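Next up: some structures, all given as structure tokens.
Both complexes below contain chain A, partnered by chain B and then by chain C.
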Partner chain A sequence: MTGLTRGSARPNQWLRNLNAKIASIPMILTAVVIFVGGTAWTVVYSFTNSKLLPRLAFVGFDQYERLWAAPRWLVSIQNLAVFGCLSLVFSLVIGFVLAALMDQKIRFENTFRTIMLYPFALSFIVTGLVWQWLLNPQYGIQSIVRSLGWTTFSFDPLYNSNIVIYGILIAALWQGTGLVMCLMLAGLRGIDEDIWKAARVDGIPMWKTYVMIIIPMMRGVFITTLVIIASGIVKVYDLVVAQTSGGPGIASEVPAKYVYDYMFQAQNLGQGFAASTMMLVTVAIIIVPWAYLEFGGGRKRG
Partner chain B sequence: MDNIANHSMAAAHAAASGGSVAGPRGRKPRRTLSRRNMIVYGTLILVALYYLLPLYVMIVTSLKGMPEIRVGNIFAPPLEITFEPWVKAWAEACTGLNCDGLSRGFWNSVRITVPSVIISIAIASVNGYALANWRFKGADLFFTILIVGAFIPYQVMIYPIVIVLREMGVYGTLTGLIIVHTIFGMPILTLLFRNYFAGLPEELFKAARVDGAGFWTIYFKIMLPMSLPIFVVAMILQVTGIWNDFLFGVVFTRPEYYPMTVQLNNIVNSVQGVKEYNVNMAATILTGLVPLTVYFVSGRLFVRGIAAGAVKG
Partner chain C sequence: MKLRFLAAALGATAALPFGAASATDLEVTHWWTSGGEAAAVAELAKAFDATGNKWVDGAIAGSGGTARPIMISRITGGDPMAATQFNHGRQAEELVQAGLMRDLTDIATKENWKEVVKPSSLLDSCTIEGKIYCAPVNIHSWQWLWLSNAAFKQAGVEVPKNWDEFVAAAPALEKAGIVPLAVGGQPWQAAGAFDVLMVAIAGKENFEKVFAQKDEEVAAGPEIAKVFKAADDARRMSKGTNVQDWNQATNMVITGKAGGQIMGDWAQGEFQLAGQKAGVDYTCLPGLGVNEVISTGGDAFYFPLLEDEEKSKAQEVLASTLLKPETQVAFNLKKGSLPVRGDVDLAAANDCMKKGLDILAKGNVIQGTDQLLSADSQKQKEDLFSEFFANHSMTPEDAQKRFADIIAAAD
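What follows is the complex of A and B.
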């Protein structure tokens, strides 16, 4: 039966707490088969020369050598680095400034928050398509500014391979900063009021209180937000597909798209596995130090 | 909000009690406050306009005819309102050889989202309950793997899942996609439910145990009725997440089952034919309508949901 307590000395260990174990089967399967098994499988097969079908014919690091020699992959990595750094910096700065503004005991706070956060409810596909339209050089922002008399004005990121990644960045920031603002605002609300009182009594100006006292106190919130944004950046795929399809040429390719294209379009599984393993490594570089800092002292239970 | 209220109050106190010392500074805060308010509200209103602009342009574009779009500017309100683009987007827009519009994708998305939401929440809530109240040996290990797994890029696990689904004979079907959504919804939902159940008073659980209630009885009779809010949060999270999914839809289904987002992308980014920007924008709004409705109706709960679900990416 179900009501077996953990404390009771039962001869059969496996039958103890049986219902909980049965209920956890989906979780155990997902964790072990998909997350651990699937990841290990992909890593192992990234060392094979699988083409159309996965085959266990090991070729060492060939796939990785080919990967790092491929111009498209290098462009992808470069884009990810530029896009990643800029969107990290901008979304943290903008998100924090907005949160600080929202924290000034303002009226209509809910209205402002609703407006800033609604893009986050949308699909990346929707966001990408809207900004594709807004940045359309023939009808969009560029043509509006030109019609205002500034005829040499040029802003066509989606058709200019040098700046295309910034076009994607604008769309990504439009969608994501609302979330960062909300996380930061929650962090600001968690600051002890006495801190503010003390700073006020000492006559420290408000901006200085934010920079010197509040931000260092919100270290945890910043790090968590950073990890959330960073792990989202590595996965960026839909936005690029919708906004530019990787174009013009290969100028806005990203690693996630490289993986998809090689696995499902180019029938070159080995390359796809190698590229996805590199994505995994990138995430690990971000996550492992964070997890170590956050949970290093042993996880709290409950 | 509170801490600001309190610190300006503290300042008022300081001014009142220590008035003799800091006398001349008595009125100053009020003046700076109002100038500061102008900056604060001015910035926030500008930012709000920036956020609203794309939505406005989408709506305005979708209500214009193509001739008007070609000559006019995208911010101008329509001279002649037409709903034809909406009708066309819903019922006539073409993807490949199919010309039955977005409606097909909409119904596919409904058929994907509804069962995925129900199944993923059912499984994850029972999981969370087992982890919170019936912890067994090794449970924490699996849970940790699950949470860490949430950070692994999907691209790493996609192909093994394709193989598993193919072996099960459901690759390319709606069933397969529902399984995938259940799998990838599991980490965040389990975390959500585990934390919620762990926060309920333990006495309730113990009392029920003393009365002889078992695993499922406690779950259905005590836990479930007490946790309606968290179920709503989970639903908001899953409905928007699954509706907005693109990658899984494109990888795990055949074209006839493509969800709305995939079909939208195919319609708008198809290379053949003349670009009909008004139809494209109408289709884009239609696709965004479901999550937007969920967002505007749910309000604060949505914020709570994404704060918990932000790790999902």
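What follows is the complex of A and C.
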């Protein structure tokens, strides 16, 4: 044996970076057992009639039939769709506009940035409670405006079934846009000064530079932000609990709350599992094609 | 996560020597956190401490809906408390079937619970396959209408004597800027109010047909349609309540901001704490003044199976303490509920409690819906009625149809 000279005997692909691979075994196991295993377990038990305790008595699609016949679930899905679309659009737009304004080399940028980011440091429960008070007609915005003289002013989204989801949206945006702004700002700072100079020399107006040049260049940042916002939307739960606990009536229910309530309050695990499986399916329908385009199908972008 | 676990483990080892030195500590979890409730549970703690043991209070705020999942996950997760409150009936049924709860039959026979607990349906609800698994502590009945005398005075109308008079008085109350009927936003409140209307308007027989025999034809029939008509009135009268918790709604009645509230007799503890007197400051109408029937649901303590022998012994002491006549009187006076023993003297009881005791003595009782329906059906009912009370465009007919479906699917 003259020893393994580099290139002569190609080492087994599986043995490359062996140390790193061994080191990652615990994490791989955790991921497989906890995430994949837990998910599979949930899906299997969603076809049973488990009540308080899980048991393997299969009932086919009964739980799903009941789920899709339940008015509360349908309301939850609608709410999630409205809340999801609007919060996605608004937090991206507001976050980007704030970041662009912040990027104009203004004074006290640090202070502003801190103020904008502060809400993000609060938990959803605290955010929810703060906005519950602000939107309460007896103590909050409505009463302040009325005390200033506009006595017919009415602003009570949390007590109006038709618009309650927007009340929750306001709180979510207040909490979340600061983070989006920071991510965007980081992206903007990553753009080369020379590009701005070149655009200026060519006489391209500033808004056009942003839309046509800067935003396409920030693709990576946008995708990161999108994933963060989207995952926040699907799991929205505590904000609703703190602000309205699903009310008035069932007008502001969301899927995650349905899952929790039916698993634990109604002691009907099967129903809760069916609902959470539906949530997983929804997410998968959105994520899988996107991930395929983004990561699969060859590397189109450099 | 790991750090927290470590801290918990350290904490546990540090606490151990103290526990061994003094009498046995028992952690008792419950969801009695409003003013009147906390005062009542302090009586239980006092009585148990007097036996030389120590009551470690594990109050969980946020009413039963929040507390029960926490309790259940602790029991099923292998970290049981020594005793825990449930509404007796079907809430703990599966825990018992899974063998996680302790059989109390021995103590019950020794202390003759079968003789002293009245009405006997209370103990029946604790009994699963011939064994007794819980110690009932009080009887709570839902079927009460609490009225604020001050509110009616302000509106210039007589304090109503029954539901129909109350509905008739509603416009006058509204004119005076008073919400006629306070219904808090928590879902169980709307569902509970409906059950009360059901027994008051459709009567005991129909109530039992629907909830005990799950007869969907009756549930869809004309008698129950009347109940939905009344619920429609209640919905109109509750407009503008804008509070969540039941005790906030009760507080509206106490302060005269609302005319009345349909709530169980636990509301009475709040009136007492506010220094109000039955008959003078507030009026109570059992069975809404129409049908004087009360349900005999209530609270009970369940004892998870523990390995620690000393703790198991202390559990027995606690179980027998809870049913002692003195404890029963002290606790129930503060709580505003009725004692589970027929042989205790409640001379100190106020007007409303006496009305309740009278009805109990006459035997005009029904089982509560917690005892008759599974938690699952109860939750579906809550969803339906919280939607119905909030959404004025939902017709009583639609609601009744959905109600009949829930009853048909109930087990």
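The definition used in the following text is that the second predicted complex is superposed on the first by the 263 of 302 C-alpha atoms of A that agree within 3 Å, B and C clash if a C-alpha of one lies under 4 Å from a C-alpha of the other, contacts with A are read in each partner's own complex, and residues count from 1 in each chain.
By our rule, contacts are C-beta pairs under 8 Å (C-beta built on N, C-alpha and C of every residue); 3 or more make two chains touch, one makes a residue touch a chain.
The structure presented is a predicted model; accordingly, all values stated were derived computationally and were not measured.
In the superposition on chain A, contact is made by A:F264 with both chain B and chain C. Shared-chain residue A:P26: touches chain B; no touch with chain C.
When the shared chain is aligned, chain B comes close enough to touch A:M116, but chain C does not. Looking at the superposed arrangement, the partner reaching more residues of chain A, out of chain B and chain C, is B. When the shared chain is aligned, chain C comes close enough to touch A:P137, but chain B does not. When the two complexes are overlaid on their common chain A, residue A:N17 makes contact with chain B while staying clear of chain C. Once the two complexes are laid over each other on the shared chain, residue contacts for A:S245 go to chain B and to chain C alike. When the two complexes are laid over each other on chain A, chain A has residues 136, 245, 264 in contact with both chain B and chain C.
Chain C contributes residues 65, 68-69, 72-73, 76, 91, 93-95, 98, 185-187, 242, 244, 374-376, 378-380, 383, 386-391, 402, 409 to its touches with chain A in the complex.
Residue ranges of chain B in contact with chain A, taken from their complex: 1-8, 10-11, 14, 36-37, 40-41, 43-44, 47-48, 50-55, 57-58, 61, 69-70, 73-75, 123, 126-127, 129-132, 134-137, 139-140, 142-146, 148-149, 151-161, 163-164, 182-183, 186, 190, 198, 209, 212-217, 240, 243-247, 250-251, 261-262, 264-265, 268-269, 277, 280-281, 284, 287-288, 291-292, 294-296, 299, 302-303, 306-307, 310-311, 313.
Against chain C, in their complex, chain A makes its touches with residues 51-53, 66, 70-72, 136-138, 159, 161, 244-251, 261-262, 264-268, 271.
Put simply, chain A touches chain B in their complex at residues 1-3, 5-6, 13, 16-17, 19-21, 23-24, 26-28, 30-39, 41-42, 45, 54, 98, 101-106, 109-110, 112-126, 129-134, 136, 139-140, 143-144, 147, 174, 178-179, 182-183, 186, 188-189, 191-193, 195-197, 199-201, 228, 231-232, 234-235, 237-238, 241-242, 245, 256, 259-260, 263-264, 269, 272-273, 275-277, 279-280, 283, 287, 291, 299, 301-302.
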